[in-house]
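Consider the two complexes below, in which chain A is the common component and chain B and chain C are the respective partners.
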Partner chain A sequence: MSKFQAPEAFSPSSASWKLLPFRFERLNSHVLLTNMVGERVAVSESDFAQIADDGLPADSELVRRLRAAQIIMQPDEKAPLELLALKTRTRYRTLPESTGLHIFVVSLRCEHACPYCQVSRQSSDTDRFDMSTETARRALDLTFRSPSQSLKIEFQGGEPLLNFPLIREIVVEAERRNAQLGRDLSFVIATNLALLTDEVLDFCADHDIYISTSLDGPAELHNKNRPRPGRDSWERAVDGIRRVREALGADRVAALMTTTARSLDRVSDIVDCYVEQGLTEIFLRPLSPYGFAVKTKAYSAYGTDRWLAFYEEGLNYILELNRKGVGLTERFAAIILKKMLTNEVPRYVDLVSPSGIGIGALVYNYDGDVYASDEGRMLAEMGDETFRLGNVHTASYADIMLSDSLLQPLEESFAASAPMCSDCAFEPYCGSDPVYHYATTGDFVGRKPLSGFCRRNMGVFKLLIDKYETDPHARAVFLDWAGR
Partner chain B sequence: MIALRARAANVQLSAPLDRTVWLLTDATTATAQRKGRACVVRDDDDFRDGYGLYLTHDPLARSPNGANTLQLPPLLRHLEAGDVISVSEDGQQIRVLWRHRSHHNHILLTERCDHYCLMCSQPPKRGADDWLLRDAFELIRLLPRTTPGIGFTGGEPTLYGDDLLRLLKLCRNLLPFAAVHILSNGRRFSDFSFAAGWAAVENANMMVGIPIYGAEPSLHDYVVQARGAFDDTVRGILNLGQLRQRIEVRVVIHKQTAPRLVEIAEFIARNLPFVEQVALMGLEVTGFARANLDDLWIDPVDYRDDLVEAVRRLDRRRVRTMVYNHQLCLLDRELWPFAGKSISDWKNEYHPECLKCGAAHECGGFFHSSKYRVSPHIKAIPPDEVAAPKALLPLS
Partner chain C sequence: MTEHQLTFDASMHSADAIQRAAYRLSDRLSCDLVAEGDTLRCTLHLPPESGDVPSVVADFRNEVLDQTLRERIRNETQEVRNLILALAFSNTGLVDASES
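Up next is the complex of A and B:
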């Protein structure tokens, strides 16, 4: 007599399911399905067989989960395609806004002598490795040609503070030009802080400049990794971090670490060092195959699997600290989690597809050469100019952005169409790195089964998904990180 | 519970009423503003000339000038100047349209609906009731320009199509400062031209509240008892989002939806993160919800952890999230900052246990209808335990 119909009355009338694009990966105990916008459903092997054999019933728990993630739909439904279209548009919406990051290598000189140095520094008294004012102005011309509303100018080296007068000039000139253009303009100095002066701090305070520095962990580890006259790199870095926090604000400095063979057994010491310095973020980075790192065999000193073990141990330790109320974010995980759990795509050039080369970042070398990425510049220092896009004194903006040196690697490495990437369940979370693959294999695509980039990222994706699904505390922390 | 409709205790009409919707004033109103107004009479001196209708709280022999007079029943003793009522032609039926002291003025526009929700608090009827819409037009013309907010509800207001849009434009023009909130099932917005018409009202103070009861069609369509509803509603929200309209998504939590609460939150966070806010709402035990209580009632304690997880899924994706109609003693403390005092004042009540509770003044309390079912876990919170919420504040 009820006026209400039973739940079954609202099940689909037939099992005529249409499959929407999805990819899968067999994990230990289940099959992971992901759709084109990164939503995940984990199913059992028998469930997976049902899907693959077109044997899904009109309604079931599995059917409902697949519908919720837009992996299947009824022929008469319209919303699933609209949702997928909207989310796809959202994921790619920043593409027309190239190029947000402009790296100025104001000097290749450095007073450190790090064996792992990826940028092949020059000894500090050779000023022919400094950028000239004229080169800087030409680079600014190109910077402001970028359509991106937000422009970040990052000063790198070498040690950029060795050419601080030029930094001042560039900042003042960029602000002068921007007064009429109204872009969201910001500045970063990537410095080892050893040469930090009050003059530098005052200037940074006046111009809202952010500081990025290097901190490899505890003193003896850091100082072994980063030798300089006086063997006091760590002391100077830590003192510098404190001074920056006090002069510019606690959130105006972040540190990056480089992993070396010596680091591998000491991840909790490294993490503790960051906490002791009052830092709220750490980036457990792998070493990349460029610069002195290759010459000195530092890169081959440990394999990807060893690094993954290091990473997992570090992540577990960071999660434990969070459980105790220490708010520390691991940046690499946070970037990936944002891609896994939201429709946002973080502007991290190593983990986007199409690749971030050129369209995410441009590098202006001290001599005016323009590179598609920082790694492209490092490769050139080793004698390979594949990613050199031109020189600021001779090339126009169009020459640079439309050069084959940029477009070819961008197109070939696009993960959604690259061999093996296009079939990979983790493609929505990953990126394409044509420079890495070129450096290691000689072509922009690489061979994924042998790719350290692929192996490392897959390992991290699996680790993060496993923790998210099985550990409620980790899930809460991960949701926090993804929302940052 | 404050009564919003009643029969007049006594009716004295010497001429037919010339209008149905009346703004209540008192005897001090300037002569030029008396025409078409109803005067709330406190004593015999208040029978001054010029009003269209006189309302008395007490039995009165007859108004001195023989004017139209209604004696209000005790249930409507709360009426006062500034309120608006609708009176039937014969003077017998009085409906309260507006209580100027209330922050919860929701105007019923129709009782017709193309849904038949299991828990509907306002069970739909079939007959024509366009007069409700005409009353609403009249009400808006009577309200002061400074009115801070007005809500429209149904039934399904969008069944009126363009007539609803005309009402909303009138609202924008006459009540420029009012936050305008409309409850709709959202299906009509799947027609892009209607959604575009909605956007053309161009009122930045306007928000539509649309319910989602599932992460996929089967559950949502069952809860609203309408096949195809989910597809329409989701596309309606997408159209409104594309037009940059302000949207609130509402999820009523009951026995059917509670087991899917986290999935629903995840669906909204992934697919509809552009909405302005999400309200996760406790069940109001009234209307169909009373009839279907066995299929709908769930003790909020039984979904307590899932509610925390659902709020996290939304809040950490920067979707503003509110938990409505839940008593604080049933919520995890992590959710206290998300809990709103959401129950309309006229149906808001407290439990005997609340008298001992240190958090009662921060708590939303109960629906009047909660007398039909209350969680056995309602428990006073000792005043010395009402410390600041231990954990996370909302990110968004």
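Up next is the complex of A and C:
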């Protein structure tokens, strides 16, 4: 007798299919179905009509796909329920491990004068906007109170290298405390690299510090976007990238670009600049509605649809480069594809629900004020302290994590229960971003049909799915990006 | 502002489905909904920037159909959804057993 049953034993016993929870969205050429955890099936309109009319046969190619994605099951089956439960638990497994990212604003000073600055930097001739040692130590107390096994400390500004002595102190002190605690501790300096010195590089090498910088594209575009004395921001940035790569390794530096109105017609030039500098990733980012970006009207200089056209052109160009053997990853797409195609949960705070504010990241401002996110801090610099959770000198960890300023926006913005999001097939890939919606509409949820956040994300989701379903080359590249 | 009247059979469509459809299209129209016996009367208000009126109205009708289908799926799967969530979060420590 065979150890295995014949294939017929696994065939459905009847055509009486039972639906499992799923959501759907009509796209241009097909209908997208996603199950409770975001696993998806794209079907034709006629196939979708079969599902809607309870007209599925006992067996067919469509039935097998729907069954594999746990969108339908036989009435007496248990395995699909257990699998969905397991996957749901996996999806939320990181929630009890808050907070992984701790942002230290060691100085609000900056020697750049970018009109799109989202943090409302201060001029660099005064140390009134520097974090003190005492504030930093109290912020470290809170950092190590987080239950997360993985702790990333990110130094931001202004320009954090203007207060490099404090960065040294914080790194050394954090490592000293962690010697006994054994957390997975890592450091990032978010710097424009204009003030990079050999001393900084040596310290980064000794303490395995990662560098994140800004590169907006070719020299004239970057220097117009990012003015500084000497008009040499681009020259300093690319020289800094080269020096970091040489001193720390090619994988120890990444760059971010910000899209201004000047960037919109130049996406291929911007991408080429990244390739020329030996960078293997680019993040095509829109402007956010905070800080000087609002005051100088840089934020309102272009709409979401124009940014989406820019993004699509850039993505097509990057895919073409990959076809020619140039390995370049578009970071925003890679984060979304990881959510679509794997069971990993990227810790990108803009694309998680519950929102990443507080539970994904905490921000310690130079004056000791604690914010639920970097954008919450940016809003406070504009005079609105809605997302201020307390001050390191007076608030306990419990005060901060249980404050109404954190819990109320978290609860209200939870996408699975937000209007329209709760029915949206893309919800498992999306986030809730209460800070964006508060900044643009005055409430934490916003009206999704009018939300730039919703329109932008939906546009990118549809673009990625359409390419994945119709372009074999894009599919291969996307699978590679998702697996990184 | 252009107005357009639609009526829906209340035995075939719920007010909730129509309201959800109106919300989805609230960047292009606003809607008054009145229950009159066995029908739901819907007055759509379309601002000039909505574009082609027949096309927006057709989109609204289709969205009501989709929302009705979503409602059916929600109702049919609510029990199994709760079962899956209960299975998912049992023994995780996330729910305090003394609270249940």
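By our rule, the second predicted complex is superposed on the first by the 473 of 484 C-alpha atoms of A that agree within 3 Å, B and C clash if a C-alpha of one lies under 4 Å from a C-alpha of the other, contacts with A are read in each partner's own complex, and residues count from 1 in each chain.
We adopt the following convention: a contact is a pair of C-beta atoms (placed from the backbone, for glycine too) under 8 Å apart; a residue touches a chain by one contact, two chains touch by 3 or more.
A quick note: this is a predicted structure, and the numbers were derived from the prediction, not measured.
Using the contact criterion defined above for the overlaid structures, shared-chain residue A:N343 touches chain B, although it does not reach chain C. After overlaying the two complexes on the shared chain, residue contacts for A:S11 are found with chain B alone; chain C is out of touch. In the superposed pair of complexes, A:G483 makes contact with chain B only, with no contact to chain C. Residue contacts after overlaying the shared chain place A:R67 against chain B, while chain C stays out of touching range. Once the two complexes are overlaid on the shared chain, A:A52 sits against chain C while remaining clear of chain B.
When the shared chain is aligned, chain C comes close enough to touch A:L20, but chain B does not. Judged by the document's definition of touching, chain A residues 82, 86 lie at the interface with chain B and also at the interface with chain C. Every residue of chain A that touches chain B in the complex is listed here, in rising order: 3-5, 7, 9-12, 39, 59, 64, 67-68, 74, 77-79, 82-83, 86-87, 341-343, 476, 479-480, 482-483.
Of all the residues in chain C, the ones that touch chain A in their complex are 20, 23-28, 66-67, 69-70, 73-74, 76-77, 80-81, 83-85, 87-89, 92-94. Note for the complex: chain B touches chain A at residues 116, 118, 215-219, 221-222, 225, 227, 230-231, 234-235, 238, 256, 263, 266-267, 269-271, 273, 292, 312-313, 315-318, 395.
Those residues of chain A that touch chain C in the complex are listed here as 18-24, 26, 36, 52, 81-82, 84-86, 88-89, 92, 95-96, 419-420, 423, 447, 449-450.
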